[in-house]
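Both of the next two complexes hold subunit A, though its partner changes from subunit B to subunit C.
Then we have the complex of A and B:
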């Protein structure tokens, strides 16, 4: 029982309380030095723990942030406010014509763990592996038009495409599908990297991973080119932005994304020695509905839910007015951005539809990530649904559980119905639609949305180079998604970033970080 | 107090109203008075939440978020514009329901299993002890996280966690006391007169050992409230939008830079309830079982 006293170390409860109180008081009076950027260690936060460090099977942006520092690439994405590309770890790379790209690797790139030099054959292996349907990569679409990679000599090769490919230089080559892994290393680990990377080849290598605590990247001792500025990069997985903000204030972090709802307050009143910036985000947040089980197998019920949700209220409540509502999955400024949604907030219409289907009083579940903004949004959705007579149970999950609810590793018996999700986005509309094809069912298409017209447009959109035509195609694709009743588009968010003035962060236009390029200011 | 009652001799009064006498003893101690007052306050706010709350605790109004205390919202509003006082009052229901319900359930199970282990055959005793010790060896939080992951977050899961954590402790105490009592003369006498096992346990053993365990259980109530609030804080307890002190505290933690009232609204009732039950429990112990004093 709790009242037992330990003999020999006789402290009674009151003494213990006094002691604890004194300790916590002293920690308030004498806080630790708030600056964390010392000794060549950069401490940054990622919004989820690493899950799969394999370009063909990665799960989240957090995986990609690590992978792009530990693997070589043909094309890099420079930091800055413009979406451009730059040559990566190559002597040269050039597009010879619409279907041919020639490259020559730098000659002193090596894989760790004794897997030798990075060669054109490894490039061939890396790209063809993702494109090969037998691999089962969710990112096969990135290389949908890859014919083959021809190896000219040890370092040179030519990428042959079957046709022109619009997203090649915007998302495929500079993204995770353009990263190079070692053929030998992959053969040794059975064809797939999980949480322990093998054959690392970037400016940094992963030294240790303490699940849910931190990932430590250190400078690659064999790296012969431009050196990273920090000796070590500690990546702390903190799911909730508001928790991360407190971690930052406590001095545990040098760089973090903030909660969208905090941006205004932080800009007006930033913590000491801190820069706060706001960036537009291309990401998209939506409410998805899986259509395989009752009552959501009924399109009219799904339509009623679309009409029941006051997206403006949801977004305002979750982000305290800092973000605007979305009209689809493609953000303003990209081709394919729609001007309006098809099914607006109309609770009367929702009630009518439910009454016609005899579906009043149904209960649905809403699965969300366990973080403040999602929970707030979910509670407004819950209230909206209650208003039209639908009971909604909210279920919170940590990121590891959540991201496996509908994917390849999902428990087939898990009754997924409604869920809130957010996908990161690159500046090409095809990166938004690629996840909702029939092929992606069981990967990223958790809704089990399936439309032949959509699938064909998705393929055609990647090959179309005429911007006006692409614009029409992607608009139509979002119409099809919305007509299915399986989507309520919520917002593209914005991104708030706070960092110490002692750090010069390297971030892309949408505030995605390039950790290996961070420097002391 | 009626005139008639007040002229009765003290001894007689105590015999006719044993509860009243106990109450007097408790009230005479300042700590007991304070504890009892707090417990009554919390109980009343839980029972009369319907009458006391001015708003629906789940009614959201985002345009009213982060209001400070005012005449319209006595404790202010949270990030969804919900009235905090109403949420605190309804939160008391959840807290007490879980705390009293699961403590009572654990107590019942603990007593039955403890009597079985203490009075039953050696092999049963050994087996039950093994089970108790195995269950006690799980750290509470780990056990809670596992159960909630397996069963999903809900009030039932919270109760399950509390029962699994508390039963072994209660059962072990009951078992030890039963063993001590087993060879007492009045038990031997009852047995020699042919009393059955159930009757011996019910009439001759249980009444003699139940006092301390009830006091210990009453002192565990705040611990259970802490477990419920803790799990709800982590998003593993009661589901939204049901108000719980733990979820209010979590809302407050997430928005502490925007409004400090939410943390106060979530934290204050937890502190008051813990103090109330602890003081009451300690006074009960001092009054009824001086042997436990100082433990």
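Then we have the complex of A and C:
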């Protein structure tokens, strides 16, 4: 009787299960939105999760990308195909002479979290803090010639240098070392920002960080100048390029870098509503030769190896025809870029040199990082060397092992001979040459390359403000490197980017993004 | 039962200790300086030395091991040298994502594997049994990452039904569940086959047992006999297998977390090893080992609850 009374509303277990299943199925079958660029949210990929959002201690490009959007700066890096600079959050900035720069901040810049207005004193604190050895910043070299920042009034100040410094306008001021943090905020958090930024002051502020998932930037409600175009920017850390490409194709991303191996395919057959571009990278990849042990202590053997390697074949194979060969360590577009190498591919010459030295049939080791393109490059090099009578044993390492192979505390089980390496770069030639000085032996100069002329030019190059003279100096430095026989310059690589046609990205010449300047197309 | 549980927990603690000793030995046998890897090329030798000191890497290995164990007993797994965040916090942020995926994978495996195994046993030798047999072996044989990539291409890239990457929107349960479907299927698919084969074999053996014949002689319905008498016993090896399987799934989570760009403990450990972030490696491995041991103890206790013969052996 009771059952009959409630029959009209009753749902038995089977009906409930069927109903729930149908509901779930219908929601699953409803296609997801194909584009992620909706509702004012931009979804972009970063190479890695954020680590330290402090200009003095940042760890990666991902940190830098976020910091550029959430902190103010005196000098900005404009998007485009040329490495240049533009005034940042200032009314004026001017180089009075080679040691003096005057600036005046905009008057409505404020820090979040109640830390007040952005002042010239904060500029003084930010720059002098990085330069101070007591801070322990790895970026102290960016302000190596900083004498002091003189505060004129609330918004005005003068940067005094101890001498001219060419990278100041190319890397220091437009880079992370030129970002302004709040003196009061830093005092409150114990002198260092980690993963939770305080005293944010840029057009965007960091609203949320979900470790290993996403970083959410939102428009800064107190920002009085040109507004960011998106309500929110979601930055997703995706290490694997192929995963990012699939995420893009599934509609989970609006902007991503692609794998080099995918560039050709994506350009020929892009996903719907997508633009695919490629940009030259600033990075440099080279084959290094350590000259301290036989047989590579013989310069003619090293020269033979230089002649033996067909760099075009190596780069074509490793980068699927997408990248060009390098003529040095300084990329096109920067002062000091060379037009050609000194020692071309010439296997006959290589055989001749080896025969003259009685070095036919020697065996060398080639250490590489366990990445696909490095292995491919190493295999072509191995074949090139075999062609002239040199046996080459390839040894692969994970990143933790590889990056310790050439330092002072290198594992004696892996004595270096040949190795393939890649350094990333800032847009100033001094950042390419800094690692190959005599002082760097035991740190990053794994070849043990040493040249007094090179060392002197490296110091002089940082002080020279005449672009033409600088160009000659850096070209000469690469000539010296190549003449030593310790280097075969391979490539600067290439960067592929894909993005929705509904997005107008702001990217630097090397495809690094300026997230706060992205706009809907 | 209580004494048995205590004995198992004691054994578990020993296993954790041995695992940590092996881990510490391996860490210090492999080359790579965590301080220089962490700080990058622009760090000076002084900065590297300072970080090494702060990370305790200048101490002898045994001292480092003792420091780690004595702190861990007090619930302190140390701090990440660079971010200054407690390792336990970092690990506990990631662990729920992996556990959710493992739990979901087990759910797939149990919900599909046990019924398929039962059906195959009941229909022994027939067409259905053969189809289930072939399918079971097939899903065991196909590598999980292949399943993952094809599932991703079909359901995320082509059909756009499911997300390809991430763990879903924070605070949005539906989004998080949708993001779990593909990775958990990839991790759990092979286990559907394992469980189906195991349940089938176990059921066949049980269905021949004397008490089942007696039940049939009493005229009890076949479905009642299968689900209330046979399956209850046949499922015991499956419970044991699942206990071990959770450890396997925790390991498998690495590839799923990388392919699907999900957060999780597998990817955390993988990245920590690459950067020689030892405090994070040891902390994460300690937590996952403890979890694995705990699950196996629970599996033993569940078997005791299900099987009076095992329960009797406790005493």
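For this structure, a couple of remarks:
Throughout what follows, the second predicted complex is superposed on the first by the 298 of 521 C-alpha atoms of A that agree within 3 Å, B and C clash if a C-alpha of one lies under 4 Å from a C-alpha of the other, contacts with A are read in each partner's own complex, and residues count from 1 in each chain.
Operating definition for what follows: contacts are C-beta pairs under 8 Å (C-beta built on N, C-alpha and C of every residue); 3 or more make two chains touch, one makes a residue touch a chain.
Just so you know, these numbers come straight off a predicted model, no measurement behind them.
In the superposition on chain A, contact is made by A:138 with subunit C only, not with subunit B.
When both complexes are overlaid on chain A, the residue A:320 reaches subunit B alone and has no touch with subunit C. After overlaying the two complexes on the shared chain, residue contacts for A:274 are found with neither subunit B nor subunit C. By the touch criterion defined above, A:240 reaches both subunit B and subunit C. Once the two complexes are overlaid on the shared chain, A:438 sits clear of subunit B and of subunit C alike. In the superposition on chain A, A:265 makes contact with subunit B only, not with subunit C. Contacts of A:117 after superposition: neither subunit B nor subunit C is touched. Touch criterion not met for A:299: it reaches neither subunit B nor subunit C. Subunit A has more of its residues touched by C than by the other of subunit B and subunit C. Touching of subunit A by both subunit B and subunit C, each in its own complex, is seen for residues 240, 243, 246, 401. Per the touch definition, subunit A reaches subunit C in the complex via residues 27-29, 31-32, 34, 51-52, 57, 59, 136, 138-139, 141, 192, 194-195, 208, 210-214, 236-240, 243-244, 246-247, 249-253, 398-401, 403-404, 407-409, 411, 413-414, 423, 435, 443-444. Of all residues in subunit B, only 58-60, 62, 65, 79-80, 149, 152-153, 169, 173, 216, 219-220, 223, 235-236, 239-241, 253-258, 292, 295 touch subunit A in the complex they form. Listed in rising order, the residues of subunit C touching subunit A in the complex are 30-34, 36-45, 47, 50, 82-85, 90, 93-94, 152-153, 156-157, 159-167, 170, 174, 178, 258-261, 263-264, 267-268, 271, 273-276.
Those residues of subunit A whose C-beta lies close enough to touch subunit B in the complex are 1-5, 240, 242-243, 245-246, 262, 265, 313, 316-317, 320, 370, 372, 375-376, 378-380, 382-383, 393-396, 401.
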